[in-house]
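The following block contains the structure, expressed as structure tokens.
In order of appearance the chains are A, B and C, and numbering begins at 1 in each one.
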Amino acid sequence: MTLIEALDYAAVVVFAITGALAASRAQLDIVGFAFVASLTAVGGGTMRDLLLKRDAVFWVENTNYIFFAVLAAFVVFFAAHLFESRLKALMWLDAVALAVAVSAGTGVAMELDQLPQVVIIMGIATGCFGGLMRDVVCNEVPLVLKQGELYASAAFAGAFAAVIASFITPSPLAITAACAATTFVLRAGSLKFGWSLPVYKSRPPRA
Amino acid sequence: MTLIEALDYAAVVVFAITGALAASRAQLDIVGFAFVASLTAVGGGTMRDLLLKRDAVFWVENTNYIFFAVLAAFVVFFAAHLFESRLKALMWLDAVALAVAVSAGTGVAMELDQLPQVVIIMGIATGCFGGLMRDVVCNEVPLVLKQGELYASAAFAGAFAAVIASFITPSPLAITAACAATTFVLRAGSLKFGWSLPVYKSRPPRA
Amino acid sequence: MTLIEALDYAAVVVFAITGALAASRAQLDIVGFAFVASLTAVGGGTMRDLLLKRDAVFWVENTNYIFFAVLAAFVVFFAAHLFESRLKALMWLDAVALAVAVSAGTGVAMELDQLPQVVIIMGIATGCFGGLMRDVVCNEVPLVLKQGELYASAAFAGAFAAVIASFITPSPLAITAACAATTFVLRAGSLKFGWSLPVYKSRPPRA
């Protein structure tokens, strides 16, 4: 298994769990769990593969990804009650998935010799779109747009770190580590300590 | 006309009608009717064609599909008041469209010699995404996510039936019939008799 | 620079500004501004390029587009307070962007020798989908679906005008002018004077 495949698998499984947790909050049946989990799991990578015109979408070429996403959904269906707070679990697992998916996105773009700015965008897109689809479909406020939280910013910083690292070292593992660590630390710091960037403030905005 | 073309036409027209009915509930003008009807009509098949990397998206290659979708929208614009309940009509026509679209999705995937699991996913995606886009755009609760109803489940069962049938018979017509009948019977049973799978239950979920 | 590139640049920058204004209404941070601005800026054109199976998505091939979208987002982040009403500014800039994007969509489709009906659809899709994504993601009522306003209708009329013009003159500039002027005049007339098409009316619709 290549490093990128390993990252794709990890992102798929963790995002699938977050999708299933969102499905549990929407009180869906087991097929609904599998549906939302799969959508969340492969949404970002599918976007990446379509935008980069890869020969095949990763999970159509290798259906194990969907198998694992559905498996994760089933496990959550029977085990979600073990989480003390499913929302909290969702947000922390989403942070892990974000870190892994940004790495997978930048990794694929680098393998295809894309320019640094495309690498960064693919990192952000791969990281953010699965969760965005999950939240739009499940009618939750998209995490990527929550005020006063680092999300797209964490993805951006991680993808940026990957590009910097790629100038220093040729090792895919080191690049991946730099990317995932940066993304996760920023997102986790935002969840745990409220780290944020200043938001746009104005008089009552909906006028 | 091939069987798959016939299925695509049928799915396009019936989904277009459901899109136009949603537009009538949102009180749009006649171009809005055509817009939502077209989006609903070709959304699922477009997703299928992009994911499978077909040479061309079906309605770009053959624009008759859009013509019929727009025509259906116009008819509904002038005739929607004839429906006693437009929501009920929308749901029943959506059930027909779902059954036909799942068959069209599995049919295309089988023709491209995809693996059974890809066939099943393309059936579900083709069936569900047009309606999902319609509901997201029109701000209705997505049918695919309504609690206690078989929707994705009906699509899954129909696509599964198509795969089973394909091991028994080479006849595309028989495979299609098995798929459409299974999907429609389950979805109709859910609408009429409240058939459902157990949903995930928990203490108040938004905490 | 070709005419189509110029149109793509103009549409990207103006749509990016509308995306950033929507981000300001949602009170996001600067990276959120860049995210929503980019999504709005390239959403319609990306849809067009995927549907037409162009060799590469325009902004992956030439990343200047994203650069300008992000730049526009930064400018708005620091200057949005200068607008007396950001909603009004958003709507008028959106009208400009719509006119330019419809022209860019029809132009690309004509260059690829597509049929008139495909040209029209690509005009509408390129014009409408960026703003639609912006509104769905930012949880605003999609402009394209606002009751009693010309939006998809203006896009349709503009694309139709482009097709008519292409039968009269081979000049891309003249075709573009006809398309953009038609779209903008109708959309502006709708905003300023309340021009509209009759909408579907019925007894209380949500029953």
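Throughout what follows, a contact is a pair of C-beta atoms (placed from the backbone, for glycine too) under 8 Å apart; a residue touches a chain by one contact, two chains touch by 3 or more.
Listed by chain with UniProt protein names: A, B, C = Arginine/ornithine antiporter ArcD.
Quantities reported herein were computed from a predicted structural model and do not represent experimental measurements.
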item	value
Classification of the chain B:chain C interface as same or different, half of numbers criterion	different
Rotation angle superposing chain A onto its copy chain B by C-alpha atoms, nearest 5 degrees	120
Averaged-CA centre spacing for the pair chain C and chain B, given as whole angstrom	28
Where chain A touches two or more other chains at once, by residue number	50, 136
Residue numbers on chain A that touch chain B, as the complex places them	23-36, 38, 46, 50, 55-57, 60, 63, 66-67, 77, 80-81, 85-87, 136-139
Touching residues (chain side chain C, partner chain B) in the complex	50-53, 114-115, 117-118, 121, 124, 128, 132, 136, 141-142, 144-145, 147-148, 150, 152-153, 156, 196-202, 205-207
